[in-house]
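Labels for the chains are A, B, C and D, by order of writing; each one numbers its residues from 1.
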Amino acid sequence: MPGNSFGTLFRISTWGESHGGGVGVVIDGCPPGVPLSEADIQPELDRRRPGQSRIVTQRKEGDVCEILSGTFRGVTLGTPISIWVRNTDARPEAYSEMESLYRPSHADFTYDAKYGLRNWQGGGRSSARETIGRVAAAAVAQRALRVSLPGVEVRGWVSQIHEIVMPEPDLSQPVALELVEANAVRCPDVATAERMIRAIEEARRQGDSLGGIVQCGIWGAPAGLGEPVFDRFEADLAKAMLSLPATKGFEVGSGFGAVKLTGRTHNDEFLMKEGRVRTATNRSGGVQGGITNGEPVIFRVAFKPTATIASEQRTVGRDNNEAVLAARGRHDPCVLPRAVPIVEAMAWLVLMDHWMRWLAQCPERAWAVRNAAPAQR
Amino acid sequence: MPGNSFGTLFRISTWGESHGGGVGVVIDGCPPGVPLSEADIQPELDRRRPGQSRIVTQRKEGDVCEILSGTFRGVTLGTPISIWVRNTDARPEAYSEMESLYRPSHADFTYDAKYGLRNWQGGGRSSARETIGRVAAAAVAQRALRVSLPGVEVRGWVSQIHEIVMPEPDLSQPVALELVEANAVRCPDVATAERMIRAIEEARRQGDSLGGIVQCGIWGAPAGLGEPVFDRFEADLAKAMLSLPATKGFEVGSGFGAVKLTGRTHNDEFLMKEGRVRTATNRSGGVQGGITNGEPVIFRVAFKPTATIASEQRTVGRDNNEAVLAARGRHDPCVLPRAVPIVEAMAWLVLMDHWMRWLAQCPERAWAVRNAAPAQR
Amino acid sequence: MPGNSFGTLFRISTWGESHGGGVGVVIDGCPPGVPLSEADIQPELDRRRPGQSRIVTQRKEGDVCEILSGTFRGVTLGTPISIWVRNTDARPEAYSEMESLYRPSHADFTYDAKYGLRNWQGGGRSSARETIGRVAAAAVAQRALRVSLPGVEVRGWVSQIHEIVMPEPDLSQPVALELVEANAVRCPDVATAERMIRAIEEARRQGDSLGGIVQCGIWGAPAGLGEPVFDRFEADLAKAMLSLPATKGFEVGSGFGAVKLTGRTHNDEFLMKEGRVRTATNRSGGVQGGITNGEPVIFRVAFKPTATIASEQRTVGRDNNEAVLAARGRHDPCVLPRAVPIVEAMAWLVLMDHWMRWLAQCPERAWAVRNAAPAQR
Amino acid sequence: MPGNSFGTLFRISTWGESHGGGVGVVIDGCPPGVPLSEADIQPELDRRRPGQSRIVTQRKEGDVCEILSGTFRGVTLGTPISIWVRNTDARPEAYSEMESLYRPSHADFTYDAKYGLRNWQGGGRSSARETIGRVAAAAVAQRALRVSLPGVEVRGWVSQIHEIVMPEPDLSQPVALELVEANAVRCPDVATAERMIRAIEEARRQGDSLGGIVQCGIWGAPAGLGEPVFDRFEADLAKAMLSLPATKGFEVGSGFGAVKLTGRTHNDEFLMKEGRVRTATNRSGGVQGGITNGEPVIFRVAFKPTATIASEQRTVGRDNNEAVLAARGRHDPCVLPRAVPIVEAMAWLVLMDHWMRWLAQCPERAWAVRNAAPAQR
């Protein structure tokens, strides 16, 4: 299978370049009867949209989505849902140098190496604009999943920018959406957020850029999601996250920190709590043997500093001559705030897909869970 | 698709439980004409085999593989290659407590939650014994790939055990296999290796276990492997690695460390070197925009401390009663040494798959690379 | 995988209902560098478009396609190609009875049974309008394949309408396109075509409809396409054809007629001809053991009489009450003429997919064939 | 995906050559908790086994299957089920001419064309022996499906051999298994069966072979199985059947006969019967719009006369020299009797796969059907 689709049963196929007719997604496999209109999708797109604050790119795109198929009278039909967003603010001339020069740490060179040509306008297919389709599809997944599992919640936030680290929040329940959305950097800790914003503004002033970490959790997912051995829940999450532009790392639960513990201090002992099997700690991060265990699924994704910077850098061109390049065009000094809804989107897609897979293979168990109260899952 | 297969064109399907008839793999899509016999596979299986030193499990399995199909007169046919290893040293009675009790941080509880039942002997399907099929398949992938790309090399090693960290080696060329295989812990730095071995022995004595990091590199892969946008080379690597038992994190290139750099200090500037486009640094880890750029692909995988420990732990049972469990049976105080060939195996599988995908979509470019000298790729 | 995608490497996903925003297709995996613009696609869409003659439906749709992504400066990028056609002549009120009544031998009842709801306007997803995406995608496949295999040709025609059977043409080379396109029924034999047209007009006058057979051939395909054992070339053709609306049967080569021959009279003896291995006869229909043998691939597809007729028929409704229904709205008294380009389209898709699969698994052989003159393949 | 797997959720991968270690199958996705042992599979393998009567090949294979994984204490685990049959009666020397000569209408030439080499012993991978894996997997599918849908039945029989046609049986309910199994040719009409057997014996005496038709039905399947638009139930059936060796055609319901009817005489009017929506006739063959409608699914598969005959035929060799060949080795003068269980097997696989797909996408509807009495589905 070519690489522009994701998921096995709730399967999405994204298309579109940064500059061209538009970007979109086709969702195949969505259950029928899910209430859905553009109004359910647009708010998620708005969260990832550029131009919302001083610390992100000033590119102005309405990013207004249109559902072209798969719904009828306000509900899904079970047929493919085609959603697209027209490109409106394309200024390809702003990127003309990219035709001949390879931007450092971008995909210009590798697209040329792979395909022998590329759409150099705005990064073409490698632009973060591609993620619009993912976010739109995830808005659908979210609504579809909630029909079956009303209590499930996915929540991400920025936990680190450069060297500024947020104190670990209480992970036993979802971090409040209001806190995440309360500031431009999507860090739920107010004091940390202010420091992060200042750091990003300073980087912008210096023609530089910053990276950071998005932490994300899934609450309310039942025990039983994920498939041995290759399609482990965390393996699919890892792939989902590393498929996002600018990501360099993924860890679940204790992550790389596990290395400094020992079996005795790392293992999550089981105990009974309110009639359910629970773990005393959650170093497993909600997955054991590739399958969710009912605890919150907690993971972190590392994003590198934005590759596009306003400083001069050495590079080479298509003609193999060395040159110097300084980015023009609009760009984010830090992608982290806009990455939050995208990380969440990928988590929703993995969740919904594995829920459907469980329904298919183990209908008795999945159905019983579906009919149980959230607290008893 | 169910979860026991990996790869799109070089596709493997593993089967088998720890205790049962055996474990094996079916490889579909292997090119014809590749020289192959059991003698090509056995050495790789021997590297992952238990019982080789004091610091790994003492379970004695010959792990002798047999090719049942797909070869004829010493070469592959292009038809499915079925390889299996019979289980011989199964002592299910050693695991009888696992029938009723859930081992902490193991897959016992989650398999029950998902399927409603499990083979509790030796971990069943969640046993590391499943990786035999992966290693055997990767031995085939390695031979098949070398027909087309003779200079490619994959090499992994243990770079950290608990708090003992090996100095960063020269990554511009493969770490020497002889150094990796020279000691029981598969750390190429002799002094570090000795400290690691002592730490593992100490953990065993204390009924405890240790985790660590496997670092791995791919050298000689051409620029052009990997597919936008979901099947990025590093996304497939991330999934491959997180599909291994006991893994908690993955990072490529600068990884989580990228967060502490800025765009200026992180970007890899391009330059010309011996007629090829190269990067001055390799914080990208050999992939840009999801596609290899011809530099070494460098990644790291975090393994948690072995969950099976000889100490008492609280847990609950299938009957939802709380209990205390101390592991019997044989187990590794540290899986890292045996993880090295498994990490390498997954990398070979990703490599071969993407090479075939490139041949299919961009035959002119892939073919030109195939016919170029390794230095000119 | 859900059911709205086709192909493994040249993979298409169609979307859209008869009445709604439009219909379209996303093509993933197309090779880069293929010259492509709307002008390459539109002629194929025009061939399947309704309203072209008295004997097909009078629905007026421009069916003007737009490429939204995947091309740049007139060539393909290797990224997903999104093509769509806006719906313009939707008159849903013409179909209002379909909301409550199940049309006999249509998909109304089964969609309700499967999904619990449906878009009843114009047949929704089950409308033949869905095939626009297939035809557009096949126009791309055709151009992409011809870059590698310039001499390949796919040609279909109407060989039977009701009881009117065309004499078997010379199948050693492609039936001339001019003859097929010379008349409204797409039967290359003029005398037969006239009889067919009269029969269809007579059926229309009587409020009835007719079925028929499309015969189709592939010329110039090299020996070696198709995969054992499930993805045989003819198995994929069979699926492709039976996935078209109104089809009831598929046969390749001797087909059902094989039954009345014996091994001696059926077998195709091999002989040498102009330096190539050929068969003396072609009862195999160009495939042996699931793999093309270099002879023309000849197959036939049976289409039932159009289900929509202007006569009264008994049926039941969503409320389970029995009723009487006579179709209003526009419809074809015979789909065969418009089926020809659709059958050809599916054949191009199968061809291109298997060509790419061969390139991936057996690059040496496929590459040698690619570089050989058509006569020496 | 390579071509040796079938199904999306109940997915099987077969492996093995006619002569080699053995043949087998890995089943991935089977629901857990299905009672299963070798005793459930062996009877189906015995039905397809050679050597059972005078009219089939005299090759003696016990075809004794062994389950290597995926079951525990007599039930399935939800993990991959590996089943194999060892090859025991291989006499490769009987086929030595096949090394250098291409048997007419066999896969010898095309395998060489595709792969550049082949296992020429007994047809290698193209041998009908490959179907053992399918039959074993289908025995599992059958048992798994009956847990959810106890009343479902698949039944095939030989309806035609050469020019001897059986009278159409009552298709409103399954043809009795006892009648099918009562004679060596698996034709439930005794008088016809006797004529068929005589014809086959006569063909054998003359060193010739015969083809025929297997008719098959599925009874008790609920309305709602099958996916628009490519994975229509009948499209998947068509692919399944055309993937069998020696098949040349497939038709469902009215099939090619539909061509001679008109819309008025072909359409299946709906009516209410015992509280269910039914059709007055069944020319649709149980599928409408690619989805089952609750009526029996009736289809027919054409098999060519066995290609291996004891008469002299002209052919060419690997060296491109023309030659004369007369088959030695054991072979069937008519494959039809042994084809019956194989056709049924493929139907079970399609059924089970679509049932699981329905559970995944439309759980409410599928679950309601599962809990309904068979008569009320």
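Please note the rule applied: a residue touches a chain if its C-beta (ideal position, glycine included) is under 8 Å from a C-beta of that chain, and two chains touch if they have at least 3 such contacts.
All values derive from a computational prediction rather than experimental measurement.
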Rotation angle, subunit A onto subunit C: superpose the C-alpha atoms of these two copies and give the value as a multiple of 5 degrees. 180
So which one's got more C-beta contacts, A-D or B-D? B-D
What whole-Å value do you get for the distance between subunit B and subunit D if each is reduced to the mean of its CA atoms? 39
Please work out the Cα centroid separation of subunit A and subunit B, and write it as a whole number of Å. 26
Hey, how far is the Cα centre of subunit A from the one of subunit D, in Å? 45
Two or more other chains are touched by the subunit D residues 1-5, 8-9, 14, 29, 32-33, 78-79, 114-116, 125, 228, 357, 361-362
What residues of subunit D sit close enough to touch subunit C in their complex? 1-6, 8, 14, 102, 104-111, 113-116, 125-126, 130, 160, 162-163, 203, 208-213, 222-232, 234-243, 245, 248-256, 258-264, 266-272, 275, 277, 279-280, 283-285, 287-294, 302-309, 311, 313-316, 320-322, 357-358, 361-362, 364-365
Taking the complex as given, what residues does subunit C use to touch subunit B? 1, 9, 29-32, 78-79, 148, 228, 356-357, 359-363, 366-367, 370
The subunit D residues in contact with subunit B across the complex are 1-5, 8-9, 11, 13-17, 20-24, 26, 28-29, 32-33, 66-70, 72, 75, 77-82, 84, 114-119, 124-125
